[in-house]
Structure formats: C-alpha cells, structure tokens
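Once you scroll down, you'll see the structures, which are given as structure tokens.
Both complexes shown next keep chain A, but they swap its partner, so chain B is in the first and chain C is in the second.
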Partner chain A sequence: MLAYKVVMVGDFGVGKTSLVKRFVDNSFSEEYLSTIGVSISKKAINDSTLMLWDIEGHTEFKPIFKQYLSGAKGFIVVADINRQNTIESIQRHIELCHSSVKNAPICIALNKSDIHHTLDENDMQKLKELSEFVVEVYKTSAKEGSAVADIFNELDEHISKSIKK
Partner chain B sequence: MQDESTQIEDSALQDALSPIVNAIIDSNYESTKEQLTAHIAPLLGPAIKEQVKNQKDDVVDALYPVIGNMISRYVTKTLEEMLSNINAQIQSGLSIKALKRKVRAKMQGVSEAELLLNENASSNIQAIFLIHKDTGIVLAQAQNPNHEINDSDMLASMMTAIRSFVNDWVSQDGESKELGEIDYSGNKIIIEASAYSYLAVIVEGAAYRATYEKIRDTLGNIVSLYGENIREFEGDLEVFSQLKVYEKLEPLLLHDNSAQTEDIKMKTHPLMYIVPLLLLSWWGFIMYKSYMNETLKEKVNTLLYKTASLTSYRLDTKVEDGVVTLSGEVPFSYHKQLATKLITNVRDVVSVDNQIIVVPTLSDPVQIDAHIAYLIMGLNAQSGLNLQYTYDYENLKVLGTAWSEELKKKALESFAKVKGITTIRDEIVVKPPLISKNIYFDRGFTSLSIEAQSSLIKVLTLLKYADKNTVIHLTSYTDLIGNTQDNTNLSTKRIASVEKFLKEQGKISNKFVFSEKDTPPEGIDPIKEPQKARCVRITYEKGENNASL
Partner chain C sequence: MQNITNLICLKSNISYIVFDENFSILDFSDHLENLVDESEHLMFGADIRDIMWELVGMEERMHELYENSTYELHFPMILKGNEYYDLDIELFEDSVDKYFIAYLSKKTRESLSYANTIKEMNKKTLIYESEHKQSKEEHYQLINKRVLNFNVDMDGRITLVNDAFLHFFDLGRDEILGEHFSLFFKARDLSIEDKTSMIFNALNMNSEMVAFHANIIPIQKDGVINENIIVCQDITYLREIEKELEFASEHDSLTGLCNQFILFKRVDELIKKCDKSGDSFMFCFIDVDNFKAVNDNYGHHAGDMLLKHIAEILSDFVRKDDLVARVGGDKFVLLFDMTFTKESKKIMKKRIEDLAQKSSLVYTQDDIIDFSFNIGVVSYPKDADNAADLLKKADKAMYKTKKK
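Right, the complex of A and B next:
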C-alpha cells in the first residue's frame, strides 16, 4: 500500500483543476483553492493512493508557495497546448519542482488538445528532453478526457517502481 | 626504491612510536584538560551552527525528545503560576457567581481557577493522526470509533497545506514559526510538530494541560522510536503498519477519555459522597417520621370523631414522636378527661398532652331557661323560699318570698352562677314565717308530752328566721272542766313549761307576752274535743303563714 503526494504545476488557466476534476470524483471545493492557494484531491489507482495537490496557477502578482511542492513524489506540469507562453513556462516549472524535490519524476500535460493545435511530435520530444526526469509528455483534454488517466497511471507506475525498489 | 624504503621506515616508526605518543597524549590530556577545553570550545559553536545549517531536521529530531520535555516543564510551571495568579484574583472577587464557584471548588476539591478554566468544557479526543510533514500523508492514526472521520487522508493533506501556508505566511527573517492549534466551533485540532512529522489531535471541547503534555510525550516517544523510518518515508505505508505505530497513538485516545474522568474522580472530595448520603438518610428518616405521625394523627382523630360525646366539639390534634397534643374547647371537664382516657389507650401513643380548655358555654337561651327552672325548683324545695322567675334572654327577674335576707342572698348567689345571665332583677320579698301553733296538754298535766316537744322543736326551727325583736305571744286555753282556779293555775304552769322549753332548747332571746284565757280556743267545742281545748297557742307578731307546720 503506497500513498504519496503529486503536485500539479502550471501557469494560470491552463486547466490543472479541470484535469484533476476529470481524473478524480472526489475533490475539495475550489473555495479552498482561492483561500490558501491549493486544492487537494485523492485518487486511488492500482495499489497507490495519490494525494493530488492542485496549486493555484502562477501569476506575476501571486507567487506560488514553494512549501506546497515539498515532499512530492512526482509532478505534473501542465501547459495550454494553444498558448505558447504557457509551454515556454514549462522549463521554469520543472526547475521550480526540482528546486524543491531533487530528481522527482515529472509528466508534462499539454492540455486542451481537443482544440485545434499545431504542436507536433518533434516539439513534444523537445519538451521531454528538457530534463532527464521528464517521464512522458502527453496531449490531454480535460474536456474530452483523452489521455487523462494515462498520465496519472504512467506517473504512478514510475513512482511505485522507484519506491518499491 | 628509496620511496619504498622510506614508506617502510615510516610505517615501522609509526608502529614503534604510536604507543609512546598515545601515552604522552593521554598524560598530556590529563594534565592539560582545561587548556584543551579552552582550545576546542571556540570551535563547538560554529560546528553546531554548521550542522544545524546543513542538517537542521536531523538536529531538531535528535533534540526533540529532550527539548520537548524541557519546554513542557517550563510551560507547565508557567501555567501553574498563571493559575495561582488567577486564584489570587478570584479570592479578591466576591459575587454570587464567584461564591457559587467557591462552593463548587471546595466540594470537588479542585482549584477555582481550574474550575474557571474548565467551565463549560469537556475534553474528548476524537482522533490522532501522525502525519508526514511534507507530503501530508497519514503515517498512522487512531480514531474514536464513535466519531470516525471519513477521509483522514484528505484532512491530513488539507491540514498540511494549511500548516505550510500559515507557517510560511508568519515566518519572518527566516525564523521558523509553528501553527499550534486550529479552533473551530468549540473543537480544536492540536498540532504538535517534530522535524519530519507532526501529530494532529482532534479534540472535542476544551483541552487540558494534561492533554497537551500527553500529546507532546507521545510525539517524543514516536520520534525517538521511529524517527528514522519517518525521515526516510518515500510513500510506502506498509512499514508503519508493520511497526504498529498506531499502537503508540491509541493510549492517547484512551488517556483523554478515561484519565480525565479519573482525574475528576480523584479530585472529588469524599465529603461529596458523604454529604448527599447523610442528607438522603436524614430525608428518609424525616419522611418515615412524618408518615408515622400522620398515621397516628389519623387514628386519634377518627377515634375522637367516632366517640359520640366528643363528635360535636372541634378538637385539634398534633402528633410528634408519639406524643399527642390535644387542643380545643369542651363544656365540661368530663369531655376533657374522656379524650385523655381514649387516646392514652391508642397503640403507639407515648403520652398525651391535653391542652383542651373547659369552657362552660350554655349560651342557648332554652338551655339557660331550663337551667334556671331547675335551680328554682331546687331552691323552692327547701323551707323559707317561694320563688318564681321570668327570663328574657340575659335578663332574669326573680319574684316571690323568702323567710330571711340570708335565704334571699343565697338564692341570688345561686342565680349569679348561671352562665348566660347578665342582669338579675331582684323582686324577692323577705317575710318571716307566720307562726301559730297549739301545744296540747293531757288533762291535769302541765308537763310537755313527746308530741308537744316535737311540735315545739318545729316552732323553734321557724323562729330562727324571726326577727329577734319580735314578740312571741303565748296564750293559754282551758277545757272548762273543773274549777276555774285550778284551770288558771294549770294555764300559768303550762305557759311556763312552753316558755322554758323554747328558751332552753331554742336559746332564743325574744320577748314573751303571756295571756291566760279561761276559755277554749275559738271554734273548739270542749265537750266534743276536750284534748284540743287544753293548749298553749304560740303566735308570732309579724309574719306570713306560708310554712306548713
């Protein structure tokens, strides 16, 4: 029986909360999110219990609390597939995560993939190469649900292996 | 080659010198201990600082069990001081509420301050979570089965987030501050943190000093036992359930449910039990006594009511421990005595205190009239009184005659004794009895026969009522038999005999007038009734002939 913390990181409005909502059916109200800057959800998959920390999106007026990252076993960095600036932020987010938890595995979710986009495999490969700890890059759609479960499963598989090792 | 030989030489030299040098150092250490300490001391500060800087959490965990206790002792002492301060303040305050609290404190054997603090409070630990500080994962938990929290994982994570948020928000100048407690509607979550984990204890109601102490001790114990496992926690909960960490938490749950009440029990003064017990027995005794008294009272009342001659009188009874006190009014002492007699024989009656008052109350006019009639009858039955009356309620008029003032006075005194008579109108006339008596003599005799003496005694009784100044007339009559001279002689002697008898026997001092007649009394025929002709007639000057002689 495993239990660990996964943190959702990404710019404001990229769809982190939507992704979590799609993935879990049990989550705290968003009111908490606006109050202390984090919304927590729980999801049991396979033999693990994932505690998903959905951190309030980073804006220039609101820096995120680094404490929320600490102790995480893995991160999901989310970007809006159609907003280039959010994709460019991925690098910074990865650094942020690793400044808190060294060598933590990261999955990248390029969300809102249901909307027409121009991002190709090449670009995705480039993103994966941003860090050796990027496990996988997914095109997700919280709206349609595509690849949502996959990204969490992939991350869990990776983390579980490392814990049990 | 040279290098090699040098190395060998060095090694040999080292081997040879080592024991000597060590001995020198040892002896040197002994002699220059203070010097050495002085040299090392300045290094210790920076060394610890460096260690804290690099391995802060390790240092915290190493020190936690020691410092935790130290702080707890300090806090305890401070709290005690605070309590004694509050006590002092309370002692100076005097209000009804304070007074009530004082009484309660005395009865429960606790300090007022504690009572003040515990007022409205009942501490009850609902759940204890050992939470991994960074991840918010619940490592171990113990919960009250009656108040189980559904999603402890969520709660723990959320609390971790809040803790992080608050700590970050309040931290200034890199100085770490800890969230200690979250209060919510009368309940609270007590947070006691070590370096890698913290305990979140959910308490319903107020938390006591002992609760905090126990929480601190529990965490200290857990850290010293499982500190390493907690620090190296990666996500595998198996380790903690195998270690049965929850077993360390459970006593805390039990502690506050039982120990608190035990605490109160211990503090309850023995008088708390004795006083109600005494009160209860006293009350029971009173009730029993009251029941017995009531039963006896009922018995006595029934008896008094059922006794025909007492039924009509209102008699009150009081019963106390078998002593019956009677009160009320009756017309005759007979009634009073009857009541005493009746009640003394009742079972369970110890004694009778008879306070009944005898009040002759013949206030009924018919009764009063009858009473007067009865009295008059009695009075008239004796010689010398012949009375009648009229009674108009409260006013009596008595008419008639009495032979003497003395008799009249006696009669009036009798009437005065009758209740219900306010005024007595006296119309009684005093009239001495009229005496006219013939004393007969045998032929030729001047001495008094037995019959004559008997008649004279009767006369004497009447003469008692006569006025001493009245004159008694003695008149002699003859039967005309024989010569006149003889008869005159006989007459003189016969008068003398009567006078002598009256004077000697009656001891009267009245004046006598004698007259001798040579005839028989009027209307007497000396031939037909010669024995009635030979007589001496005794008459009374004034008087009324109402006596039957």
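Right, the complex of A and C next:
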C-alpha cells in the first residue's frame, strides 16, 4: 500500500484540525483549540495510506515552520470562507509549499462554508488560477462534513497517479 | 551499560531509536512504546516508518543525511498523546558502519507554558476577529436594511438579491431568483436599458405602497454589459413632502380651511352635478364685521386667534359634505350642497348670524372679543352660472347687508 505525507497549511483558526478530525474520526467539536507544533494522523483511503500533518497555523507573529512541509507529496491549503484575510493568504501559502516541495499538487479548502458567505464560482476560479498545481478548490464544512472526503480523495487520486507513473 | 543509558534517557526525558539506511530498527530505549504510533510494530528489524509516521516521505532527506550533505533533521513540538516532543535525527558513524539515531525529547514545562500562551493568544485573536466582523456586519445590516439591492440579467430576470429585499417582500430567495423584476416593482416604463435611475413602486408585506428611487449600475464583462445592479432607496418620505406641499397649496396656512382654489374646484364639481340633477346649491359669503378694530384694540395675534376661532365654529356648523373656505383676510365662504327655498335661505342666514353672537372669543380672562358677521347669500343656478360670478354676487349681496 502506498504511504505518503500530506500537510495541511493555512492561517490559524481556519479549521485545519477540524477537517482532519472529520476525515479521520468523523467527529467535530465547536470548541476552538489552537494547534501548536504538529499532530500526525494516519488514514487509509483507496489504495493509499495518508500521513496527515496538521500543523500550527500561520499567525502574524509566528510563521509556519518550513521543516514540517519537507517530504510532502501534496498539500491542502485551508482558508476560512468568511475571513477574507485568510483567503488572501492562500497565495503566500502556495508559494511556501512550493518552496519546500517543487510542483507538489495542492487542493484548496474554503472551510466553514456552512456559515452564510458571499464567495461565488468566479472567486473560486480565480483561486484555482493562482497556480497551475492547484488541482481543485472546494467549499468544505468540517461541521457538516460536506466535501471533506472529496478533497482528500481528489488529492489522493492525483498523487497516486503521479507516483504510479 | 545499557541500563545506565536507559537511566540517563529516562532522567533527561529522552527516548531514542537506532536504525539503518533501510529504515530497519536496530535498537531503542525503554518505555518507547508509549511514544510511538503503533507500538505493536516496535521490534528489532521492523521498519521505523511503521512506528514513527514522521519518517514517511523523508526517504530523500534521510539519504542526503546519510551522504552527509545535511547534518541533522529537526521537527519541533510533535504532539504525542498529551505531550509535546522534539524529534531530532542524526547520523552516527563508527569504524564499521553508519546508523541513524532518532531522539525524542519531551518538552520542558517552560516551553509548554509558551505554547499555551500562543494557544490563548490565537483563541483571543479569533474571538476578537469574529466579534469585530459581527459588529461590522450588524452596522452594514442596519444600513442595508433600508436599501434593496438586486441584480438582473439582460432579460430583467433577478440573479441576486440582498436580505433587505427578502425582508421587504417577506419572501425566500428561491421564490425570487429567476423571476422578472416587474413581478415585484411597478413603474411607468419598466425598460432599464440606457437608464441610470428610475422610480419604482412596490407593495410591501403589509400591502403598503412604497416608492423607490432606483440606481441602475451596469456590470461589464469583457467590455460588454451582461448584468445590472439595481439599488433601490425608499423615497416614501418625498411623497409625504409632496403631499404636505399639495396641502399647503390648497389650504389656508392660518386656519387650515380650504383656499379659493379648492372652493372654485368644488363649485365647478357642484355645478356639473346640479346641471345633471336639476338641483341647486347655496353660496354664502361671510365678512367679519369691524375686524380691523380687533387688530387695532387687541393686536394682530388676537386678530389671528379670532380668525382661527371663526374657522372652527363655521367648520362645526356645516355638514360633512358642505365646505368652508377662507377667501381673504376676514372673508369666508360656506358652500351648502343642498337645494334651498327663499325661506330656508333666510333661516340659514339667521342661524349663521346667531352663531357669531353666541360664540365670543375668550382671548384672555379679561378680554372677551365679541364679533358679528355680514352675510351675502346667492345660489346656483339662480344668481350666477360659474364660481367667480357666484363669489362676486355673494360679495355684493354681503355689502348690501352691511350698508343696511
């Protein structure tokens, strides 16, 4: 079975841990507990085993520790669909991922989509065009579980194909 | 020797695993089973990546380390259970072979306290951001509540609406999107092409007609207009102002009675009515006798109060379908929508004269102002066939009475 590393990247408080918890344990908590350092989870999907690195989010006074990104086969860049500043950070996060692992595929999760928002298809298309290595952009909700499995499956499909080549 | 190493590790909160370039475990410290990911795989010869998920994907880096191109790998603050550890991987070389040693060192209380401070700060920042956003949204909503926004495509079908729109019509988004905007708004001409603003009317959820000024903002894509944003602002207050101005143009500002314009309009209506039915109506001109003396003796305020007082008693005197108008300084007209005989005209005139005598104005406790009327009565169609002539004739009749 193919085992590889995927890193969740994004600003603090966007729901990286919640997405991992929903995907791995199918659970969700309303309580916000900021991730410090990194927590690694394992999840088997299709013919792959994903090692999910849920890392500390970027804050104004503490950047993401680049070493955590090393050796990843793909990234999920997460933003809060209702916090414009976290969406604006996506570009910077993509650059950081690619400075660590060149040309790695990236899926973008616009999380907390269960809350009323104004982001439309045009905005999503613009995000997809940020890099040729952005595989797909999803509106996700860790709370309701919508599109959570889809985003991991999409990334797995992409990585599996490229590894098998 | 092995026991001493383990003792030192335990005292320093350090655990280690030795493995080779093929990731095969060669040695490990005691108590490691509590720190690794799947402890059942912890055994000599097993693949370290099965128990330390941190090493999955690190093959290339490990090779670099093996070739001495890098010195060590460092992953700080890895959460294992409820504890944080730093993972350091170094190359160890003896005279025979090369090995990797992975150290897991438990974080000190000081660094955990720092981590907790960061956690708290993040939490507070998130709460602050959320509250700030909420307050901004509430502020926006307060403004937005009064302004209806919607987008229409080039066929006039609604593609987007704001909450104020939903609230105004008390409808859900699904009931609005895709519908033509004329279903909700009425206007003389509903074509929005080449227009920058329009006036719309719409019935709100309480079936009240509300007037809107609509700004039309075209949205272009690739140089071609493909949608319009319509921003509607409630201008019902302008209608209120319009009504006030209309009232002011038709009424006397001191007494609130109809002015000559409305009197003549009403006379024209009555003439039309009487011409059809063969009925008549009575036009009664009233002049306040010696009104100038009131102004001279008591002042202009008393004069104004007297005119208001007379307006009130005359309004109370007539029936609902009759009309009282002020046509000049101290001159009033009563218009009676009923047929009169010569006899009944006399009785009516007498009643109006008596009205003045019974209704003195109590201006102050000491100043009681008496007044009387000079009255001229004419009727349609006997005395004149239009409003202006009726007024002239009634005025003349009043003067005749005054001279007597």
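Definition applied: the second predicted complex is superposed on the first by the 154 of 165 C-alpha atoms of A that agree within 3 Å, B and C clash if a C-alpha of one lies under 4 Å from a C-alpha of the other, contacts with A are read in each partner's own complex, and residues count from 1 in each chain.
Criterion: contacts are C-beta pairs under 8 Å (C-beta built on N, C-alpha and C of every residue); 3 or more make two chains touch, one makes a residue touch a chain.
Nothing here was measured: the structure is a model prediction, and the numbers come from that model.
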{"item": "Side-by-side fit of chain B and chain C on chain A, or clash", "value": "clash"}
{"item": "Partner chain(s) touched by A:F12 [first = chain B, second = chain C, both, neither]", "value": "second"}
{"item": "Contacts of A:M1 with chain B and chain C, given as first, second, both or neither", "value": "first"}
{"item": "Touched partner set for A:I40, first chain B, second chain C, both or neither", "value": "both"}
{"item": "Which of chain B and chain C A:N82 touches, first, second, both or neither", "value": "second"}
{"item": "Partner chain in contact with A:Q67 - chain B first, chain C second, else both or neither", "value": "both"}
{"item": "Steric overlap of chain C with chain B in the superposed model, located at which of 60-68, 132-140, 258-266 or 384-392", "value": "60-68"}
{"item": "Contacts on chain A seen with chain B and repeated with chain C across the two complexes", "value": "3-5, 32, 36-38, 40, 42, 51, 65, 67-68, 70-73"}
{"item": "Footprint of chain B on chain A - complex, ascending", "value": "1-5, 26, 28, 32, 36-38, 40-42, 48-49, 51, 53, 65, 67-68, 70-73, 159, 162-164"}
{"item": "Partner chain A, residues of chain B touching it in the complex", "value": "132-138, 151, 153-154, 157-158, 161-162, 164-165, 167-168, 234-238, 241"}
{"item": "Interfacial residue positions of chain A with respect to chain C in the complex", "value": "3-5, 12-13, 32-34, 36-40, 42, 51, 56-57, 59, 62, 65, 67-68, 70-73, 82-83"}
{"item": "List of chain C residues in touch with chain A within their complex", "value": "37, 49, 53-54, 56-61, 73-79, 84, 115-116, 118-119, 121-123, 125-126, 129, 133"}
